[in-house]
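Please find the structures below.
Presented sequentially are two complexes of subunit A, the first with subunit B as partner and the second with subunit C.
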Partner chain A sequence: MTTDTMETADAGSTAPVPSSTKKPRRARAPKFLLALPAWTWFILFFALPVGLVLLYSLGEQVSSFVQKPDISPDVWSLDNFPKAFDPAFAPIFWRTLRISITGTFICLIISVPFSYWLATKVSPRWRGVLLGLVLVPFWTNFLVRTIGWQLILAPNGFVSQKLQDVGITSGDLGLLYTQAGVQIGVVYNYLPLMILPLYVAFERIDSAMTEASKDLGANRLKTFVQVTMPLAMPGAIAGMLLVFIPLMGDYITASLLGGAKGTMAGVLVADQFLNTFNWSRGAAMAVIMIGFILAALAVFAIVGLLLRAIVRARRRVSLPEAAA
Partner chain B sequence: MDSGNGPFEERQRRVVDAGSAGAETGSVELVDVVKMFGDFVAVDRISLSVQAGEFISLLGPSGCGKTTTLRMLAGFEEPTSGEMRISGQPIAGTPPHKRDVNTVFQAYALFPHMSVAENVAYGLRQKGVGKADTAVRVSEALDMVKMRPLADRKPRQMSGGQQQRVALARALVNRPSLLLLDEPLGALDRKLREEMQIELKLLQSQLGITFIFVTHDQEEALSMSDRIAVMLDGRIEQLGDPYTIYEHPSSAFVAGFIGQQNFFSGRAVEGGAGIETDGATLTSSRSADPLVVGSDALAAVRPEAITVSETDPGASANVLRGELAGISHLGDVIQFVVSTGGGREILARLPRTKAPRLSTGQSVWCSWAADHTYLFTAEQADLVLADPASDKAEVLAGN
Partner chain C sequence: MSQQTAARRHRVDWTKWSLTVWGVLMFVFLFLPIVWIVIFSFNTGRVLTDWSGFGFDGYRSFFENSAPRAAVQTSLIVAALSAVVATVLGSLAGVALARRPGKWTTGFLFLVALVLVTPEIVDAIALLPWYVLLGQDANILAFNNGYVRLIVSHSVFSTAVVTLIVRARLAGIDESLEEAAGDLYATPTKRFTQITLPLMLPAVLAGGLLAFTLSLDNTVISAFVFVQGSTPWPVYVLASVKTALRPEIASISTMMFVLTVIAIGLVGVVLRRGGDSSSDIAATMTGTG
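Up next, the complex of A and B:
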């Protein structure tokens, strides 16, 4: 109630204010407060660091003995960006993109049948157990798991030995410190992030949908392509984003399993910060990576929308004009 | 829904030849069909023969096996044993997508990512029907259910009744020889349900397609069906046309499930043509197998058969005295609840013009003619001896 109305009431106005208009309102916190913890967290630990990286990328590295670059506004320049595009680094960017796209698709190809099977064919009692098994790798530290793969992929390691024992290869299998090694490692590390959203998506589809499809004459494959997969699309997209984005910036897998031949952009950025002590160039590389990821996602989104438009156009039924 | 001359109406009965004994397209034959889920017997040796073009209802409370029977016909479940034939052809092992059968699902099961027209076109697309032909057939089917103006909507943008019509069009556009309907009206409100009952029946008689309709609503079954199969515990209790089912129920369960009944338990007397209950004698003049004298038995009388009067009608049997406990006005009929003591209540329904003016608390006599008394053995007493004043159909259906 404003002071204005208070005064009117005090002035002894004869007409009493209808009770309905001055119903006491329960004090209500503004609704955005619900999102406040998330906002605080994002601003402190996401927006600020990214802003700092942006700032560093504009700064100037005074000397390699002083780690922190000069970021006073009068030295701001874009000079670091062309240097970050050094011809030596370009192939590594492309390789990172290739490994990430390939890794995302391998994860998708492995996860779709598995998640579908888990969500529709396995009894609910066993589903929990199997989902738990999918998450087992997360119980161990990421680093330790990846070091474990070093042992497996080593020339005299488990895979190599077994393949030689059964006579598939004659010499040592050189998977460690290659792109193939990194590829295997990232698929292993990111697979659960694809399986979980896909499983949820498949699990939520009403079995009446697939029954209706079969009832209308579609066999199992057609039903999967035309009904099940389109309905599970949100899960597939979530899974692809969850795998692709962290994979682009992965540093541990590539540095442990990639060596010189399998190095990725994340390793390169870390190298600028930790070994070369050129924070400005490292920051510029990081900014380029962010732009790269966003551009890649934009391209995927366009391709996805195009594919969807094609599918919809093929499905469209244009009815003849109604006879009035 | 005018009587047009579209291809649906012109649909001709093809006769399946050679080896199928001239069975007409759309006929259904179930012989000793059993379906077990583990140890649970869902369907217990059902035999049923449905003629081409017939509208048959499977009616029963939940868990009676009616939906399982439907799912076996659609191909979603395989019978444990027994034989099933559609149009004279055995269907064992034929997957659902190869059966000349379509289903209208309980919750409609429309594809949410497709428009109404695309949903209806789905079946034709699977068969490889050309674009132009598809468009014509889809628009005919949508016209048939008056959904043409909403052809471009998505299912979530429509009401339950509209989705229901689209589901119907999606099934019928394929011109199946058999249409299965799994409680398709269950989710609609009463008024819409009654409208759809009339439309469904009209459609069915125009198209000449065999309809197998699953429901737990006895009114629905009575109003639409050529024949009704009343089911209980995986078996068919009684199979007959609505009149027979209503007038000549073969068991206490059927009597109680179809319409309403006042049940009385007692001991068989009068050479097995009556029972004695609470000092009163209830006799029946209906021709039925006489009861074993002295055995536990049930008598049933429909509320509309009972007359309520202020004076003693002076008959020796089928008269019960009680106190008027309640009067409800149901439009053209008036319903009386008469308490006969010992917690027993009798429900009587009289047309407004024939109902006496009474007030609650008054002492009244309930009486009826002997041909309105049904007698049964006490076998199904547990099923039917709920509170006689409550709606048994609903109690039994688990609502």
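Up next, the complex of A and C:
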């Protein structure tokens, strides 16, 4: 708005001047001005509140009746962290990590053939329709999808009944309110976030690449492993990040399907703010959760880079004759 | 020779066939809980999990009770207003990123990325004390209002989404059209309303609809920041689920599901008419572009 009026004034006074001399004038208006409102919004309602959580984690609970901790600098300490990671809570963080890593890899393994099929084997006319169908569950309310699973996994639900009718299980299925139930739920809930980036990656691969591989004598499997998959790697990595990060912070799936046996870190953190009202411990738990995410990403990145280096070293093609 | 090609063709069919079977199985998996909810929304029993008969009792109880209706109404108002906020802020930021890049771009994009990747539960636990601080300690009374809290909270994430969509759209369009308008003495305001805005309109509309849907579906942040009297529908459902699963929950879910599908369908149409391929649309809609 301010840029507009300033530039209008500029344009009025310098109208006959050729555009080459107009350009440096325009540059004088602050370039980021149009982004300023959004920036302010992000600072006010994202950066500052999250910063406050960090402060709370250093603070001290005044009494069990007061939610707001004392955060004056003289009481700052790291005491909340051992309390937030004590033997009662630590296993839940490790379980969260286990469920998230398992969930990410299950998503990857079942999505690769699916996305590959959608991107390369389905006729273009159907591809758009099927892609639209994948978007439907993605945009269906997370809570609704999870309630759907609650119905399916319920002890007296359909799956349990059918399995008993057929005679596979005698009692109820017993999946609801267990880790297995949460695992199914999270794989389902985050699956589209793996399918779509993989699809985009497979779709963008130039078919000349795979044809060249075949012309050079590689069979289909070898072409897929050595040409297609490496080219789709950015999509796979994007998908793994998109699944892993929100999964580590999952609240809804775990609180609806987990019960006591399948709680995850997100539920733990939420509980401190909504029920126990110990904000500084909750804040410390949130910081630990983020720490787990960052540590896992770092390990993932290091392992990935090492694997790539090994694969490259083993596959190095040397052409001494050609050079000579 | 001919035998060899026949054998190869046979093997090709087999690979494709097994991939197709896998694809169908995945679609069954993807739609299983949704179909389940829709079917059970017609359950006449008192408990959602026990199927007793087909009927519209769940829908009737929705329309006869004021609490769920008020919740849906709250959600629609909040979704519309937060979509407006996000569309305005995000579009301006998107224009700035695409047309006025500079040293500030990196820092700003980092902030946008941070907003997008931070787990929702962290935003939720951060915003609750923040609103208490603003509303009660700093005495900015607006932040004690449930609507204001919900609209502001929802608009943060969607502003980031709209920013990226608008930026991507403008980055794909040559600036020469706008420069030509400038050379032909169009004022910057005219240049913006007559050239830039029509060009970016598909992205703005798509971004606005996505913002609407994101707000309509938001559960985690809403559950923390809402105030009694302005309960959005996912929070109402979440509270009901924890006490008792009634068929009415499936009925609300089904209706909101239909609304979401319509909104998302519109996004697809808008982007398609704006010239995107289906792959671009999918990338836009998942923020993976």
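Criterion: the second predicted complex is superposed on the first by the 270 of 324 C-alpha atoms of A that agree within 3 Å, B and C clash if a C-alpha of one lies under 4 Å from a C-alpha of the other, contacts with A are read in each partner's own complex, and residues count from 1 in each chain.
The working rule: a residue touches a chain if its C-beta (ideal position, glycine included) is under 8 Å from a C-beta of that chain, and two chains touch if they have at least 3 such contacts.
Quick caveat: nothing in here was measured; it's all calculated off a predicted structure.
When both complexes are overlaid on chain A, the residue A:Ala212 reaches subunit B alone and has no touch with subunit C.
Once the two complexes are laid over each other on the shared chain, residue contacts for A:Trp94 go to neither subunit B nor subunit C.
With both structures placed on the common chain, the touch criterion links A:Val134 to subunit C but leaves subunit B unconnected.
With both complexes placed on chain A, subunit A has more residues touched by C than by the other of subunit B and subunit C. Within the superposed three-chain model, A:Trp126 lies out of touch with both subunit B and subunit C [touch as defined at top]. In the overlay built on the shared chain, the residue A:Pro192 is in contact with subunit C alone; subunit B does not reach it. Interface of subunit A with subunit C (complex): residues 3-4, 7-8, 11, 15, 19, 22, 31-35, 37-39, 41-43, 45-50, 52-53, 56, 67-68, 110, 113-114, 116-118, 121-122, 127-128, 130-152, 154, 156-158, 188, 191-193, 196-197, 199-200, 203-204, 220, 238, 241-242, 245-246, 248-252, 256, 266, 269-270, 273-274, 279, 282-283, 286, 289-290, 293.
Listing the residues of subunit C that touch subunit A in their complex gives 15-16, 19-20, 22-23, 26-27, 29-34, 36-37, 40, 48-50, 88-90, 92-93, 95-97, 100-102, 104, 108, 111-112, 114-115, 117-130, 132-133, 152-153, 155-156, 159-160, 163, 179, 182-183, 185, 187-189, 192, 213, 217, 219-220, 223-224, 234, 237-238, 241, 245, 249-250, 253, 256-257, 260-261, 264-265, 268, 278-279, 281-283, 285-286, 288-289.
The touching residues of subunit A, when paired with subunit B in their complex, are 206, 208-209, 211-219, 222, 226-227, 230-231, 315-320, 322. Those residues of subunit B that touch subunit A in the shared complex are 74-76, 95-98, 101-103, 105-107, 109-115, 117-118, 120-123, 125-127, 131, 134-136, 138-139, 142-143, 148-149, 151, 170-171, 174.
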